[in-house]
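See the structures that follow.
In the two complexes below, chain A is the common chain; its partner is chain B in one and chain C in the other.
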Partner chain A sequence: MSPVLSVRDLRVAFRTGGGLARVVNGVDFDVEPGETLAIVGESGSGKSVTSLAVLGLLPQAVTEVHGSAVFDGDELIGRSEEHLRRVRGAGIGMVFQDPMTSLNPVLTVGRQIAEALQAHEKASDRAVRTRAAELLGEVGIPDPQGRLRAYPHQLSGGMRQRVMIAIALAGNPQVLIADEATTALDVTVQAQILELIERLQGEHGMAVVWITHDLGVVAGIADHVIVMYAGRCVEEAAVDDLYSRPSHPYTRGLLSSLPLLDDPRSARERDPLTTMPGLPPDPVALPEGCAFYPRCAYRLDDRCKTEVPPLAPVAAAAENHRAATFYRIDAADEPEGQR
Partner chain B sequence: MTGYVLRRLWQSAVVLLGVSVLVFAIMQLVPGDPIRLALGTRFDPDTYEALRARSGLDDSVPVQYVNWITSALTGDLGVSFRSGETVTSLIIERLPATLSLAGGAILVAILIAVPLGTLSALRPRSPVDWFATLSSQAGLSVPDFWLGIMFILIFAGTLGWLPSAGYTPLFEDPLGWAQHLLLPAVTAGVGSGSILTRFVRSSVLEAIGQDHVRTARAKGMRAGDVLRWHVLRNALVPFVTVGGVQLAYLLSGVVIVEYVFAYQGLGQLAFQAVQSRDYPVLQGAVLLFAVIFLVINLIVDLTYARLDPRISYRSSR
Partner chain C sequence: MTQGDVLVRAKSLEVHFPLPAPGPFRSSPGAVRAVDGVDLEIFRGETLGLVGESGCGKSTLGNALLRLVEPTGGAVEFDGTDVTGMPARELRALRRRTAMVFQDPFASLDPRFTVGESIGEPLVIHGLHRGRERRRARVSELMEIVGLNPDLRNRYPHEFSGGQRQRVGIARALAGEPDFIVCDEPIASLDVSVQAQVVNLLVRLQRELGLTYLFVSHDLAAVRQVADRVAVMYLGRVVEIGDGVAVGDEPQHPYTEALVSAVPVPVPERERVRERIVLQGDIPSPTNPPSGCRFRTRCPRVFEPCPDHDPVLQPVGSRQEAACHLHGVTG
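Entry: the complex of A and B
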């Protein structure tokens, strides 16, 4: 199967007062039809910018985008606004983080769904209204007909996010990008939204790209995971491989800062949660070598400081599990102070 | 909603009462005797006394106030010292001129502000933005009497396209009405337009940065539709506030512009009343301006609820 979305060497930089901020520095990934890809990283790692750049949703005046993003055989980077407009919503749908600010407060829910329907095909008002109510029903909103007239502030956070999902579904996209779609929600509601998107993914045969900082969310839903740091992909693997054999020091740091609910050991025996010291690098002044070098517990020598490690298979046996580190972690050798 | 309107009307009545006391008090402080001024330098003392008594100026100040305000409530604002006509009829006579001027000027202001402010917000730091900033600065700095005189010199004098002065009622001569209106409306509109341009620019810039605009683009909406329904529509709420204040200001008689163009509106009426110490006319005009401000503010507040569904007047005061 050929990937529905294929991103190669994507680079994004913002022109700022302090200089050029290199936010995405050569990202590659493929999204296969129907699969779930998770892009994981902390704030500022470039994961959201990557998805916005693919759809041309970044402010053009201050942004430089290079590289390639091929959707359904069609290059998107550098294309005209009208060309991208046809892809937005209809080819690739997006759900954003905060459903309160992502919906227009002064327009009804029905109208905002209708806009998404009418952006790509002409239809009678009546047909659009019927379809909008169907979509609301599909995302699990009770009394869809009545809710068409509601304004966003009259709905709960979870309901608003369901409306956002209905909007994203309106164009019947092949790829749904969920950018921190559960981050602003209560934990119980998060689970409902995750479940909803999984169900819709099955029903519509969409590929889903989850963008999140939460490795806990990823574990249950993703097929494939990409870990981003300072605008680069530092590790990619099938989800099970990533959790069982995290190979980049950053991924290990992320995983060891997660509490494990099913840890069989008692609280006293358990390792304390570790935190990673330091902060991500300033995108205006990226380090010359590995961007993670200043925070890395496994850093080797001057090589890490001067040379950017390429993304390479972690072992001969695992061709699809790749990490961008010179350090090869074997099960036994943990440095002092870790674990 | 009805409760809110009633409460606002009651508040307005209290404000108006306060305004009327203030206006009346200030008139008492103004030096000069209106009857002496009306009679000229050589007058008959008996006529003078008779006129003072007839105008009620012999009564104590509180009695004068109570007499004035009770008849004002019935629509009787007294009689002009100068012309002998009732103040109400003078105001009604001038009202269409001022309505035309204010309407024309606010139209000019909107036609300047909305396109220019929107364009400069869409292209920050571009030549358009630079031009908008500079021209609105110029529009604010240039005094309107100077602008008016320049317009008269150019369009009425040199080019001879438009009349330089006067007002023609709309129903007598629509073309003449428009010709007489154009220069004063542009003169008065430039100042308001400059204020509104800056305002449109900042509120469009704010609206454009909202997350829901990104959502609208991500839906695949056309750029024009995004601008119309997700940027301008949302920028309308703050715009109505400032636009309302500008309209109230224009309706309250643009004194200088009306004076420059010898345009017979309320501003000119008030100005002449000051010159001739015509207290009843001045009091009536000022009271009317206060009513106009209150009514427009009420309309603006009610418009909010129509424009932004998050604003509700049911429980709030």
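Entry: the complex of A and C
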């Protein structure tokens, strides 16, 4: 199967008062039809900017975008706004973190879904209303007919996010990008939304690109994972391989810094959490070599400081598990404290 | 830690925020019952974790214990003294013994103060370490305790990262040498790799300084890492409280059960097979909570007594209490 979305050597820089902020520095990934790809990283890792660049949603006046993003055989980078408009929604749908700021507060929910429907096809008002109510029902909103007349502020956070998903589904996209779509929600509501997206994915056969910082969410939903740091992919693998054999020092650090809910020991019996010293680098002044070098516990001095490690298979047997590190974690030092 | 030595106690505590009247000759449509009858004891030297979802009243409860909001009913005792009706003069002496660490250290630090001034301000207010030099020395000491280089004292908050700002917030909280600190979502706005640093710092400080914490958070995994006991709130009430391990591993209230099951675990093979209890619907309005048990409208195990009887906390096993009729009808 050929990928539905293929990104190659994507680079994004913002012109700022302080200099050129290099936020995405050569990212490659493929999204296969129907799969869930998770892009994981902390604030400033470039995970959101990557998806915004693919859809041409960054402010052009201050942004430099290079590289390639091919959707369904069609290059997206550098295309006209008119062309991208047809792709957004119909080809690639997007759900953002905060539904309150992404929805228009002065328009009813029905009006906003109708707008999304009419952007892609001509239909009678009546047909549009029917379809809008259907979509609301599909995302699990009770009394969909009545809710068409509701304004965003009349809905709870979870319901608003369902409306956003209904809007994203309006164009029947092949890829749904969910950018921190459950971050602002409570865990029980997050569980509802995760279940909803899983169900919709099964029904519509769409691929989902899940952008998040939450490694717990990723463990439950992803097929494949990309870990980003300072605008680069530092590790990628099938979800089980990533968690059982994290091979980049950053991934290992992230995973072992998480408190575990189901650790049977009491708080007093637990060891302190593993921490990574320092902070991610300033995108205006990226280090010459590996961007993780200043924080890395495994660094090999001269080489890591001056050379950027390429993304390479971690072992001959694991072609799809790749990490960008000169330090090779071998069988002798399996991740300590197997999680 | 000796249980039984109660430092902070809430008795039938209520905080109701009246809703504004819709017009000049119309009465108020009621009140938001943010905290609606909470009995709670916090033992000296322990960390009590307080978990719950947005709007459950957990932050308001934390604020009410410090009298940062006035309770509308019930009482708060601090170290054996009822502080509910205490006049402002006396309250000030008490304030030194309590402190708060906020979620967003950027919003809680004055941007026009250097961090040294922010950390030193409580010393001035409480008349501690009088004199410029002694105050300066104490600020340096506080900065070192929280892992900040004292040379950064003349910098402003915007020059710091989120994690460093939270350290400033903690140093400021420690300035008055408090016994009791309410940490209100202290790691919620930090990045994952920085959260662990702040959690470890708070735990270390508690052990070194013998502090008592109320650790308010929506993040149950983080709470399990730091809290000796855990209280779970739903719609203005504590629905379960007890030993942290017991509440996390063997929840006795259906809401706690759903909450625990909804927290994603970062281990794919466990996370995929875990039974998530997905609650239906939304949290009801705290203006008009359901009759009887407040959780009954969403409870997967609702039965006959739930609409008529308002359950009270009752012991379940030796390590926790739950307010649920499944363990015998109460209320």
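Just so it is clear, the second predicted complex is superposed on the first by the 320 of 339 C-alpha atoms of A that agree within 3 Å, B and C clash if a C-alpha of one lies under 4 Å from a C-alpha of the other, contacts with A are read in each partner's own complex, and residues count from 1 in each chain.
Following the convention adopted for this analysis, contacts are C-beta pairs under 8 Å (C-beta built on N, C-alpha and C of every residue); 3 or more make two chains touch, one makes a residue touch a chain.
Quick caveat, the model's predicted, so the values are computed rather than measured.
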*chain B versus chain C as contact partner of A:Leu255, first or second or both or neither*: second
*Of chain B and chain C, which one contacts the greater number of residues in chain A?*
C
*Once the structures are superposed on A, label A:Gly216 by its partner contacts, choosing first (chain B), second (chain C), both or neither.*
second
*After superposition on the shared chain, which partner residues are touched by A:Arg85: those of chain B (first), chain C (second), both, or neither?*
first
_Just to be sure I read the superposition right, which of the two partners does A:Tyr151 touch: chain B = first, chain C = second, or both, or neither?_
first
*asked:* Let me test your reading of the model: by the given contact rule, A:Val239 touches which partner, first (chain B), second (chain C), both or neither?
replied: second
*asked:* Touch test for A:Leu107: chain B only (first), chain C only (second), both, or neither?
replied: first
_chain A to chain B touching residues, read off their complex_ = 52, 55, 57, 61, 81, 85-90, 93-94, 96, 98, 101-107, 115-116, 119-120, 151, 153, 164, 167, 170-171
*Would you tell me which residues of chain A are touching chain C in their complex?*
42-43, 156-159, 186-192, 195, 213-220, 239-240, 243-244, 253-255, 257-268, 270, 272-276, 279, 339
_Using the touch definition from the top, list the residues of chain B that touch chain A in their complex._
124, 210-212, 214-223, 225, 229-230, 233-234, 237, 307-310
*Which bits of chain C are touching chain A when the two form their complex?*
47, 53-54, 161, 163, 191-197, 199-200, 203-204, 218, 220-222, 224-228, 243-245, 248-249, 258-272, 274, 276-279, 282-283
